[in-house]
Every structure is written in C-alpha cells, then in structure tokens.
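Two complexes are shown next, each including chain A; its partner changes from chain B in the first to chain C in the second.
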Partner chain A sequence: MEKVEHVIENIYFEVKPIAHAFVFELKQQWKKFISFSVLSVLIVFLMSYVMYALEPTSLLPDTQMDFLDSGLTFLSMFILIFAGCFFFSGIICTEYDKKTGYIIFPKINKFKLIMGKYLGNLTLIIGVVAIYYVTLGLFCWYYYGVSIYLPFLSSFAIAIVYVLAVSSFVTLFSSFMKSVNMTIISTIFILFIGFNIADQLVTVFLPEFEPIYSMQYASNLISSILEQPFPDPRFMDIIMRDFTIRTWLTPTFEVGITVLVIYMVTSLLLASIIFKRRQL
Partner chain B sequence: MSKNNKKLRIRVLGVLTLSFLLIGTFSTIATATTYYSTFMKGTEFFQVATYNETAWQTTVNSNGTPSDWFDGDANITGAQSKYTTLGWASSTKDTYEMLSVFFPQIMLVRNYGYNETEVNSNYTNLYALTSCLRSEWYFISGTFNESSNSATDMPIALKNPTDYEKILDDYNRIAYSIQNSSNPSLIPYKSFFPNITADKFSWNLAMSSLAMGTSINRYIQELIDTLGCENVSYSGNTLIFERNGEANYTVEMTYGAQGTLVSFVIKDPVGIVIYQFISIGDTNWIVYIIAGVIIGCFSVLVVYIIYKKRKFNKNNR
Partner chain C sequence: MGMGGPKPNPPPLGFIVPILLLVVIMVIVYYVLKKRKEKRGRAKVRAYEMGVNNIKVDDSNSRASQNIHSTVYETGTNVEDVEIVETPLLAKTSNKDWKKDGVTLKVENLSKNYGNHLAVDNISFEVHKGETIGLVGPNGAGKTTTIKMIAKLLKPTNGRILLRNKHGGLQDINKSSRNLLKFGFLIDIPAFYVKMTAYQVLKYCALLDNYPRDKIDGRIDELLKLFKLYDWKHEKIGTFSKGMTQKLGIIQAIIHDPNIVIMDEPQTGLDPKARIEIRKFIREIQKQGKTIFIASHMLYEISEVCDKIALINHGKIVAFDSIDNLEKSLKTKELNCVLLEPIDSSSLEGVLNKLIEKLEPYLDRELDPEISDIPIKYYPEKKELKLFYDGKEESRGQILKILIKDFESEFTIISYTQPKTSQLERIYSEMITDYEAIKITKPSEQEV
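And now, the complex of A and B:
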C-alpha cells in the first residue's frame, strides 16, 4: 500500500510541471484561441448562412453529405494549417529567442515544459476544430433536419489526427528555426505550396503513383470519409486527346491515418533530438 | 449661431431621411398588387397520422391504396416523408412554357402547328412566378436514406392567382382547336387534349405543383373564385375538394406559412377521417439556437474582457 502511494506521489510530481506549463500556455494563448474560434464561426456562417439562406438562387447541396463536404474543404485547406502554424511555431524557438532555453539549471525540466506547452496548444486547436464542427453541424441540422451522423464524427477524429501531424511538423521546424516568424512562413510555404507543387509534379510525371507522401493529400480523408459509399476508384482520369491526367482524390482510411501518424511520430522524434542537441 | 445652424441641419436631415423612408414604405405597399412567395431553405417532415384501409376501400377506391397518390409507404401509418427546400427563383414565362409545365402533352403536337413560336404568337399572356426546387424523400416506414428519391420536385407559385384561369383558358382553346382540326396527323393525339374543367385543373394543381403566395387565405380565395370551381371551396388556408370515388368524400389540403402543403386529410361524408398526413415540423427554429449560441458566446467574451480590464485598472490604482 505504501509502495502504491509512493508511485502515485512520484507520478504526481512528474506530471505537476507539465500541468503547470499546460495551464500557463492556455492562459498565454487564449487570445489566439478566441481569434481562431471567431474566424471559424464566421467562415461557417458566411459559407452556410449568408451564401445559402440569404440568396434564394444559390442552391443548397442536394444532400447533407455534400453540404458537410463543401463546408469541411475550407477547414482542411486553411483553418487547420494556419492554426497549426500560429499555435505551434513558437513552441521551441521562442525558448531560444528569449534566451530561456540557455538556462543551465532551470527550475523545470525543459522537456516537461515543451510537453506542457504542446499539450496546451493542442487542446486549444482541438477546441477550434470542435467549434468549427459544431457550428457546421448546427447549420446542417438547420437545413437538413438530421442529427449528426457517424461519418461526421469520424471526420472530426481524422481532423484531430491531421492536427497532430501538422502540429508535430511545425514543432519540428520550431526546434531548429531561430524566430517564430520564419517558422510560420516556412511551414505555411511547405504545407500550402510545397506539397501542392510536389503533387502537381507527380501528377504530370508519375500519374500512376499515389501521392501518399503528401500531408495535404492525406487531409482529403477529412471530407471523403463522409461519402457513402467511400470513393472507388479513388482517382479521376481526365482524358484530353492523347493525354490522360490522373487526379488522386483520397487515400484509403488505413493509408491516410498511417501517413499522418508517421508524420507525427517522425516529426516529434526529430524535434526532440534537435532540441536536445540545441541545448548542448 | 453656428451651433444652432448645425442642430437645424441635423434636424432637417433627420426629417428628410424619415420622410424618404416613409414614402418608400408606403409606395411599396401601394404598388404591391401581386402576392409574394415565402419559401425558406430548410427541411419539412411529414407523417401519415391516420389510414383506415377499410374505409379507404369502401369510400375512395376499392382497388387502390394511398400509395397510388403519394410515393413510397404512404399506406403505412407512422411512415414519414420529408422535403428539403434547396432554392427558388422568380421569373416570367410565356404561354408555351406554362403549358409545358401544367399540360406537358402540348409537346406531342409541336410538329403539327403547335410549337413554341406558333403558340406564343396566338396566346400572348406572360406569367410572373416563383419556382422552388426541393429534394423529396418519399414516405418510408424506417429511416431515411442519405440521398433523396427525387431532387426535382418543383412547386410553383404564380404571383397573380388569377393567371391560373388564363392558363386554363388558353389550354382549353388549344384543345378545342386540336379536337376540331382537319389535320389528319393530329388524329392520334386528340385523346390527349380533352376539355378540362376548373375542378379538375385545381385538383391536378393541388396534387402536383401548387404553392401559394402570401397572404395565403386571400390567394386561395382569389384562385378558386377566379377559376369558378363548382366542387371546390376554401376555408382560411385550406382548400376543400368534394370528390366522388366508391362514395362521396372530401379532401382538405392546408397550406402553411411557406405557401406549401402542410396537411392532407380525406374525410367521409360524416366527417370521419379516412386518411391523413400532416407536417410534424420543420427545421427553421434551429436558426434561433444558432443565433443564441453565437450571441451567448460573444456576450460571455465581452463580459470577460470588461471584467479583466476592470481588474487590471483596479490593480494599477
């Protein structure tokens, strides 16, 4: 019994600094959270209410699935990437920018500090995603009168996995970049433009090759999971004279999740190695 | 002096703005001679509330069921259907376009002197209308499918209900000319063009694509009075058809705030309900929840910011 109490006490002391860093980060970043939440609600409101309810000739999608699909495109294309970059860009590099990373005998273990910060930001960004989904779900209910159905929750779960992958990717960049601004610019550039350019090149030169390396391509799963039945084939061929252009629509559920998890694990591992080396 | 001038200018501007607003409002009311449609995007659910099979067979049709009138499981009590309003548009259509909607058989004789140009040159009426596009899920006793059964349900609300009489008149004149035509090519088609009475026309309208403009009771009144129906009457927002099947019965169709059907009731001569489906609600109220949530969150945020500011000021004193 005494041993168990001792173990619990140990765990408490191990977790306490993480919890403190977590709460501190929540307090620190709440303005960003409010801004992104307002932006999310505003985007859904503009896309769902202003576009459809106020303009009679703008036809509603035929089914709720199509409605949710169009609503979620904006989430994976912009909100998640921007939120990921803005929330996580400063997670490590600010420690060095403000010289706190160079303290030789810190009061709190630096890994626990980063973990607390990471979890704090992750909670906030999941909150933003949840607000987006709830608002979109309410509008879906308003137009189609159907309660939230299972694929919509699956889509939310995939969006969280995607957030984990993006946040880890940005944390990796934050671990070796010098400033927050540079981290934001470089990650937005890679996530927005880099992956898209790579996808275009693959489409042209290797049309048979599915771009499973791309985080952007994996994010298509967020909306395609709503489609009943799931798209099969998962590509679309456009034939122009003698040329065939193949556009890959979505990875399979298993492949998409695996790719995102690989991005997350690899990025976090590399980030922790770089962070450790940077302290030396 | 300059202060007084400024006040005077503001007052004059205020009076002018108010008068413009009032003139605008009253002139709009004065010129609003036609009805306007009140469709709303959203979903409306219907449920079969009553179906007395024996009474149906002895009164309405011994060989049929409500499924002959309405698609799906309309003959099962408790079955539900729904309509999702996708959008609507106002336009003006010529006689041929209107006849194609209400009497599509007109297209059968387009090669024999009744094509669009010829019809429109002889019948020059124009019709202002609002057509709505809805997805329809037929009556089902289980859960609804994700995809609708039909995405082309199109209720039409003519802005002026007296126009229905013009359409019927134009059709009957065309039907008369086809019946009396000496053109041998038209002989096989003559049976498709009977003379249609106001009662039959109003029944076909109500069972297919009729929608009302606001105010609905005045619209119904004007529609039925102008058509000159014999066995159709009205009461408030309800159209009442006196019909005959195996025996006499009445059909009552009630129209809701959006100008579309919300209740369909068949009664025997004594007034006992044989068949009934009713609207069990729409989704328009949900917008108030959304607005409430958004306003609530915004208020909490404002209160929190004010609280923080006050606390900050207090600490700094």
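And now, the complex of A and C:
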C-alpha cells in the first residue's frame, strides 16, 4: 500500500509542473483563442448565411451532406492550418528567441514545459474546431431541420487527428527555427504551397501514385468521410487529348489516419531530439 | 438519417446590418480603450523612473502588510528616496539538515567547449553556506557559461557540479536533481512573457518552484512591496522599464524562498540609483543567512556585497579568496606622478636611467610579476609615471623630494598620488583594458 502511495505521489509530482505550464499557456493564449473562435463563427456565418442571403439565386445545397462538405473543406484548407501555425509556432522557439527560457528552464524540466504548452495549445485549437463544427451544425439544423448524423462526429474526430499532425509538424519547425515569424511563414508556405506543388507534380508525372505522403491529401478525409457511401473509386480521371490526369480525391480511412499519425509521431520525435540538443 | 430533406429557402438579410454595425463599434471602442491604457502605462513608467512614484498602497488588511514595518535604511549615498521595506524577505535558513558552514556548492574541474573554443577551462571552487561569492571577469571570460552550467542550461564538457541535498550530502546535479536544496536563478537580463502581468508570471514561477499554493499571494505582495513594484502587480510586463524588469527578475529568483541564490549580472543596465537598491536587496538576502553566488563584470558592485571573489579570465579562475586576502597577497604600493609636459624623447633614456639610480633604494624589490615586471612605468600619452615602491611612508616622502629636487630640469610634477582604487581593481582593470602602456625592459626604452 505504501508503495502504491509512493508511486501515486511520484506521478503527482511529475505531472504537476505540466499542469502548471498547461494552465499558464491557456492564460497566455486565450486572446488568440477568442480571435480564432470569432473568426470561425464569422466564416461559417458568411458561408452559410450571408452568401445565400445576398445571392438569392445561389441556392443552398440540396442535401445536408453537400452543405457540410463545403463548410468542412474550408475548415481543413484554411482554419486548421492557420490556427495550427499561429498557436504552435512559438511553442519552442519563443523561449529561445525572447530568452524567456533563462527564467523558466531552471524551474522546470524543459520537456515538461513544452508538454504543458503543447497540451494547452492543443486544447484551445480543439476548442476552435469544436466551435466551428457546432456553428456549422446549428446552421445545418436551421436549414435542413434534421439531426446531425454520425459521420459528422467522425469528421470531427478526424479533424482532431489532423490538428495533432499539423501541430506536431509546426512544433518540429519551432524546435529549430530562430523566430516565431519565420516558423509561421515557413510552415504556412509548406502546408499551403509545398504539399500542393508536390501533389500537382505527382498528378502530372505519376498519375497512378496515390499521394499518401501528403498531409493535405490525408486531410481530405475530414469531408469525404461524410459521403455515404464512401467514394469509390477514390480518384477522378480527366481525359485530355493525349493523356489522362488522375486526381486523387481522398485516402481510405485507415490510410488517412495512418499518414496523419506517422506525421505526428515522426514530427514530435524529431522535435524532441532537436530540442534536447538546443542550447540557450 | 438526415441525408436529404426539402430544399430550403434563402434566409432574410435584414437584421445583419445592425449586427455588423454593433461589431464594428465594439472593435473601435476596444482599440480606443487599449490605446488609452497603453498611453497611461507609458506615463506611469516615466513617472516611476523619475522617482515620483509616490502612490501609497492602502493594503492594511493584507496578511503581508500586517508583518511589514516600513523603515528607511541609511543608504550611505546621496540618494534620499531609497526606501526599503524591512520585511522577512527570506526565512532564516535551517541548519538542521546540514552542517553549519558546510560546502553548499562545489565545482570540480569544470570545462566547457564551444567547438574549438574553450569557454571554461578546468575551474574548481567551493561555496560555503551563508557565503556571498562573486565571480568577476570581463565580458567573455566564462562567467555566464559557468552559471548556465550550474543552472543546467548547458551541459559541461568535463567536470561536475555538486550541490548540497536535503539529506546533507553533495549531489551531482547532472545525475539527479531530486532532493536538492532550493535554488533561485537570475540569468542574463531577464525576459518575461510580456503579455502577462507581474502577478501572473510570479505566481507561475512560484508554482513551478513548488512554493505552497496558499502562501503564494502573500509572498508575491510581500516581495512586490519590498521592490516597490506593488502598484504594478496587475500591469503587463511589456510596459515595464528595464530596471523594473530586472527587479522582477530578482523577485522570481527568490519567490520560493531558496537556500541559494545565483545571479548573473544583476546590476547590468541599471542606473546608479537602481544599482544601489539592488545592492541593498542583496544585503537583505545575506542577512537571512542565504548563500549567494553572483557573476558580474562590475568589480565595485561585487566587492561591496561579497565575502569572496573569484577573478575569472579566459575561462580560468586567476584568483579566488576574500577581498582582504586578495589585496594582501597582491600587495604592492603604487604611486602615480602626472607631469606637466611629456619627457622629451631625446632625453628620455637619460631621465629613466637617472630615475632608477636615484629611486633605487625605495623601489619594490620583490615586485609580483603578475602586477608588473618592472618598478617604473612611463606612459607618454598620459604624461604619467607609475612607480612601485616599498610601501613605507618615509619612502613615499623621499621619492617626492627626489622627484622635485633632482629632476627639476627634466620635468614638473603636477600630481603625486597613491591611487584610490585598490590593487584588486587595478589588476582587474588591467585584465579588461588594453592599456597603451609602452613597456620598457631596458633603460634605452621608454619604460623602466
């Protein structure tokens, strides 16, 4: 019994600093959270209400699925990437760039500090995603008057896995970049442009090759999971005069999740190795 | 379920306009208020820095203030408004866990390489309980690297750092940090999370340092009052001046009532008044029997508060002892003679030969080569003669007589002084200043 108490006490002392760092991070980033939440609501409002109100000829999608699909495409394309980059870009490099590490590192194991900060930011960004989904769901209910169906919740779960992958990827950059701004610029560039360029090249030169290396491609699962039945085939062939261009629409559920998890694990592993070697 | 449904009608637009207007108005009001607050903050910092921060804090009911007796310390300076609140800053260190006057911090053969550059070169020293040790050296000497290794921000290339643990033994900090005595660090110019308030950051620091949660608020109030930052408790740190940030840095280092306080350049970037205040605070901590380790390039500031000094240069400790002992061991008497005109270069050799001949009985025969390898130096640019004599009062008189009487035709003395700066300061300044002294090892050269 004494041994169990000792183990529990040890766990408590190990976890306590992470909890403090977590709470402090929430306090530090709450304004960013409010901004992104307001932005999310405004975007959904704009896309789901104003657009249809201003343009009466532009009719709402016929089905609930199409309505949600258009809303979620925007989420995975913009909101998640921007939020991921803005929340996580400073997670490591800011302690070095702003020299706050001199105050904090002697007080807490730096891995615990980053873990607390990571969880704090993750909580906030999941909050933003949840607000987006809830707002979209409310509009869906307003227009279609039917309950939100199960794949919508699956889509939310996949969005969280995607957030984990993006946040880990940005954390990796934050571990070796010198400044927050550089981290934001470089990660946004890679996530927005880098993967798209690679996708285009693969589409042209290797049409048979499914771009499972791409986090962006894996994120298509967020909206495609809504489709009942799941798209099959998962690509679209555009036949030109002399050749055919194959556009891959979505990975399978298993492949998509695996790709995202691999990104997450690899990025965090590399980030921790770099972070361990980095000195103030 | 719910995949389809009737095609909905487009929604009405009428009520969007007032909502958008309301949002725009709210945003404008928010920014106006924010700008006003920032403006007030800047004015407050200016007022604080000008020493007109006379805002009285009415907090008579607080737990901290019940134990505080305000008093004005004698500063020994012309600064009249240095007011320091006398308060139990740090609890008296308990002796029950470890031997009184035992070694608290032990550094053994510590080295640190940055590539091919040896920043710290095999240094060893001990810090005993209750001592205040100063690590003094010019920029780039290895002070901060040493402190960073003690704070575990850098890993030593060689050697080890042993700290006293709660069971009384010495423990290698790089093997385990459990059960070590409580340490407080102030490294470099402190940088904080500028969007957070002083209270939020100090609370965070106290929690990370495992200070009892129920005592944190009282402790923060106590220290903020002591450092005259109480009015800034809920202000964002981004609005603080450099001096205020430095004070906050010291507060965070002692917020958890540590046994040992380690500070790197605590007075850097501060004006004289703030430096005096920081010295007072350090003395306050000393009074509580805490062990203090300070690194600085300001010898005067360090010698004012430290029991022992370690002089460090090029990564090596060149001297480590009490100030008195260092001065004794380096004892040499020095005289500076400033001349009206420089000695004519054509007659310099003859003048210097004559100086040696006439002053020979009074010069220091056992001059420490670390101080100078020759007993007479001449600095043409400064029109100054530096003499190292045997230290006797009568010799000093005789030298003056000779210089006036026998060298009347060669030069005119306008100043004849024994430097006020100690030998220690001189050695230190020689370490960091590239004097343009022209050394003369033979009478034919300019320096004797």
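Just so we're on the same page, the second predicted complex is superposed on the first by the 269 of 280 C-alpha atoms of A that agree within 3 Å, B and C clash if a C-alpha of one lies under 4 Å from a C-alpha of the other, contacts with A are read in each partner's own complex, and residues count from 1 in each chain.
Just so we're on the same page, a contact is a pair of C-beta atoms (placed from the backbone, for glycine too) under 8 Å apart; a residue touches a chain by one contact, two chains touch by 3 or more.
Predicted, not measured: the structure shown is a model, and the values here were computed from it.
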item: Chain B versus chain C as contact partner of A:K107, first or second or both or neither; value: second
item: Of chain B and chain C, the chain that contacts the larger number of chain A residues; value: C
item: Which superposed partner A:M65 touches (first chain B, second chain C, both, neither); value: both
item: Which of chain B and chain C A:K3 touches, first, second, both or neither; value: neither
item: Touching partner for A:L138 - first (chain B), second (chain C), both, neither; value: first
item: Which superposed partner A:Q28 touches (first chain B, second chain C, both, neither); value: second
item: Contacts of A:Q228 with chain B and chain C, given as first, second, both or neither; value: both
item: Which of chain B and chain C A:R241 touches, first, second, both or neither; value: neither
item: Chain B versus chain C as contact partner of A:H20, first or second or both or neither; value: second
item: Shared chain A contacts, counted only where both chain B and chain C touch the same residue; value: 49, 52-53, 56, 58-60, 62-65, 143-146, 228
item: For the chain B and chain A complex, residues of the former touching the latter; value: 39, 41-43, 45, 82, 84-89, 133, 135, 144, 146-148, 151, 282-284, 286-287, 289-290, 293-294, 297, 301
item: Touching residues on chain C, where the partner in the complex is chain A; value: 1-5, 7-8, 10-13, 16, 148, 151-154, 183, 185, 187-196, 200, 204-205, 207-210, 249, 252
item: List of chain A residues in touch with chain B within their complex; value: 34, 41, 45, 49, 52-53, 56-65, 135, 138-139, 141-146, 228
item: In the complex with chain C, residue positions of chain A that touch it; value: 16-17, 20-21, 24, 27-28, 31, 49-50, 52-56, 58-60, 62-65, 98-108, 143-149, 228, 279-280
